[in-house]
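In the two complexes below, chain A is the common chain; its partner is chain B in one and chain C in the other.
Entry: the complex of A and B
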């Protein structure tokens, strides 16, 4: 199946298809926020007033994706989100407390559900086709992607809009900070991997958020980004050995070896405990592969693999790795096949295989 | 009525609308400000939160929420009744 179009709102300048990561935004602190466009060109002003930030981000990214694909109505809309519409959830719960569970405003309640963005896209398009939302923590995007791939493979759909949306709010950032998820003090996002986090025992990561959509199609077109060859998820492996076995069996299932992979995108996030796994794999499996990281650009969040997939698709389409990704491989080598390996809190592990059309 | 207009704008998050943009007798729904059924619920909540007035009869809704003036008249009548 083919990635025909993308739409991405992230902590980098990615919306509106500017030159691929030509400029990078640097953040100081442990929180990366999305660079948002002027939504009025994409969404009716009357609708915008009811939408929280994450809904606007999701809807705008989806609309940009559909516009690029020149698809008016997709055969299916599938979204993945771990946190859902947190801002409205927080607002609704706060009002419940403030007004003693009475006089609750309907808008925040209506817009706080996890399927709000998928539903809003369907309403705006007047699209009554298949519409599903996956809320599977660190597998939310992967589950949405798998659903989309199955719909295409079983010929239930010819075009599927798949996306991932997650936001960080003041409340969630405070809670997750108190749980020790994020680094303390001033941290430069672009310096996240300058000193090996494992070697210096760096604790915590940087918070991120994003909305990325993909138009997947059964049939190729002249403007496709890349082919999506495979996806695998595995939960809570016992150790690196089990992870290695999963990776090897994934490659085996696609009849390829590490020699056939031009680039590995890893989900390192700057936390020593998390990155230790990637470092071990670089010593055992990815010994000869060029590897790059991405979470210094988008931050860590449960659906960050959507940003990685967007990046892989753009690398394959443009044939170049931007400087911001600190690519150590030879520039003469054309990148035709990319493996993405990510894990979220060493619980949710995923593998994605993407190749040139 | 100016205060009421400000409260309506805030409650409904009417972006780019200023109190002076809303005429006293301008219809709030459909052809006027273009409000809809969810906004009607928000206005009911506004009456309760700001003025402690509970709209007991749902059939009164269209009459009460016809314009800012009808809302203001309803508030004045019911506040004095509450006093």
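Entry: the complex of A and C
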């Protein structure tokens, strides 16, 4: 199946399809917020005012994706979000506590439901087709992607819009900081993997958010980025050995070896313990493969693999790896096949295989 | 791809019972579970009836085997999922690829809202253990871990159709040969967040709800969980207790009309029901019973009823809303009502639609008001329609 189009709002300049990561936004501190576009070209001004930030980001990324694909009504809309619409949830909770369950208006409650973004896209398109929302932590995007891929395989759909959306709010950032997820002090995002005294070997990562959509199709088209060949997830592996077994069986299932993979994108996030797994695999499995990271650009969040898939699709389409990705392989070497390996808190592990059309 | 997906086991906990047998007894004796709040606490306790599971968190924790500090949503889920797996009696479960596909609408919100009161006074306060399971998926993982299911775990949240979609997705994972056994369904506990949300929408009934009545006033919120164990043909052949019910049809469609209201002609409901019929290869006349979404709101019941008229006129199957017993359990209702639909086929029974006094004047049919037994029920349609226009219909059939 083919990745026909993408739409991406992230902490980098990605919306509106500017030259692929030609400029890099650098962040100091542990919170990478999305660079939001002017939404007016994609969403009705009256609607924009009513939408919270995550809904705007999700709807705009979806609309950009559909425009690029030249698809008016997809056969299915499937979204993934770990946290859902946090701003509206926090707003309704705050008012409920402050006003002691009285004098509440429904807007924030209505928009807090986890299927709001998929529903808003359906509503704007007047699309009566299949509409689903997955909300499973670090598997949210992967589950949505599996649903979309199966709909294509089952011939229930010829085009599927699949996306992932998660936001950081002041409340969520405060709570997740208290849980010890993020680095303290002035860390430069672009130095996340560098050998500097603040970042290296330290605990915690940097918070991210994003909205990325993909139009998947059974039939090839002139705008295709890449082929999506495979997806595998595994939950709570018991140690690196089990992780290695899953990766090897995934390659085996696609009848390929590491020699057939031109680039590995790994989900390192700067947290010493979390990155140990990737470092180990570098020594055992990815020994001969060129490897790049991505979370210094988008931050860490449960649906960050959607950013990685966007990156992989663009690398294959453009045939180049931007400087921001610190690629050390041969520049002339055209990249035909990419493996993405991510894990979220060593609970949710996923593998994605993408290749040139 | 064309292989059948069988129902090997069922489990449910709701306001009318802590297991399937208790729920069935209440259904047979027209005993609703809706009333004053005893365990749940809200400012609206005197005014708004709810359908509570009649057990404290400590009692639920003991029954579930999970710690009492965990979200009530997880405790309910664990109890119903365990019952379903026990009922299935799959002896060598470890030999099969088993998944847990759950659903809920607000995750561990019952704990989060407690945390929030302290957090708002000082953002360094509030016990973190109360927000650590806020995410919907985290509730599913508490249960999956306790059940020992690891191969595939995910969670769906499409408001009131959430657990119908988890059953739908679970069946497809079996048909696509990704899993052999799936525990699928959903759960939700009463929370202040949802009660106040629905209250602000002014769609809660201050009396006991009257689904499909001309004078209906709104819905009563409930809580509970319902799960079914779906198995492939291969696994079904191994079982001592041979499954007799299959999930023969399903469809997910979107109303695309309004974030919270249904279109007057029930476009989404019609598409979901007709799509499920098409998938199952059945005709409208083959349906013996419809377990209605039937929330009791003005809007839902006329939209659903209009879609049923369009699809079934002039031959209507028997139908009823069991929400007149259990209240509206949101992320749990698709699972609980799937269990009731399957039991209708297995036991040859139809449930009454309680408190129906005046049939809706716009509709040419009236839901069933009596409990019927010793009747042949071959095909049951179960409707779940939710906010965001998400409409899902499932069809269960006698194999």
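FYI, the second predicted complex is superposed on the first by the 352 of 357 C-alpha atoms of A that agree within 3 Å, B and C clash if a C-alpha of one lies under 4 Å from a C-alpha of the other, contacts with A are read in each partner's own complex, and residues count from 1 in each chain.
As a working rule, a contact is a pair of C-beta atoms (placed from the backbone, for glycine too) under 8 Å apart; a residue touches a chain by one contact, two chains touch by 3 or more.
As the structure is a prediction and not an experimental result, all values here were calculated from the model.
Asker: If you stack the two complexes on chain A, which partner ends up touching A:312: first (chain B), second (chain C), both, or neither?
Answerer: neither
Asker: For A:131 in the superposed arrangement: first (chain B), second (chain C), both or neither?
Answerer: The second partner, chain C, only.
Asker: Please indicate which partner A:110 is in contact with in the superposed arrangement: first for chain B, second for chain C, both, or neither.
Answerer: A:110 contacts both chain B and chain C.
Asker: State whether A:325 touches chain B only (first), chain C only (second), both chains, or neither.
Answerer: After superposition on chain A, A:325 lies in contact with neither partner.
Asker: For chain A, which side has the bigger count of touched residues, chain B or chain C?
Answerer: Looking at chain A, the partner in contact with more of its residues is C.
Asker: In the superposed arrangement, does A:45 touch chain B (first), chain C (second), both or neither?
Answerer: first
Asker: Between chain B (first) and chain C (second), which does A:123 come into contact with in this model arrangement: first, second, both, or neither?
Answerer: Touch status of A:123: second partner only.
Asker: Counting contacts the way the document defines them, which residues of chain A are shared by the two interfaces, the one with chain B and the one with chain C?
Answerer: In chain A, residues 104-106, 110 are touched by chain B and also by chain C.
Asker: Show me the residue ranges of chain A that touch chain C in the complex, using the header's touch definition.
Answerer: Residues of chain A touching chain C: 77, 82-84, 89, 92-94, 96-98, 100-102, 104-106, 109-116, 118-120, 122-123, 125-137, 139-140, 143, 147, 150, 153-154, 171, 174-175, 178-179, 233, 235-236, 347.
Asker: In the complex of these two chains, what residues of chain A are touching chain B?
Answerer: Against chain B, the touching part of chain A is residues 45-46, 48-50, 99, 103-107, 110.
Asker: Under the stated contact criterion, what part of chain C meets chain A in this complex?
Answerer: Answer in residue numbers: 1, 42-44, 105, 107, 112-113, 116-117, 119-120, 123-124, 128, 131-132, 135-138, 140-141, 145, 150, 152-159, 165, 169, 172-173, 175-176, 192-193, 196-197, 199-201, 252-260, 267-268, 271, 386-390.
Asker: Mind listing the chain B positions that touch chain A in their complex?
Answerer: 11-16, 34, 38, 41-42, 45, 48-49
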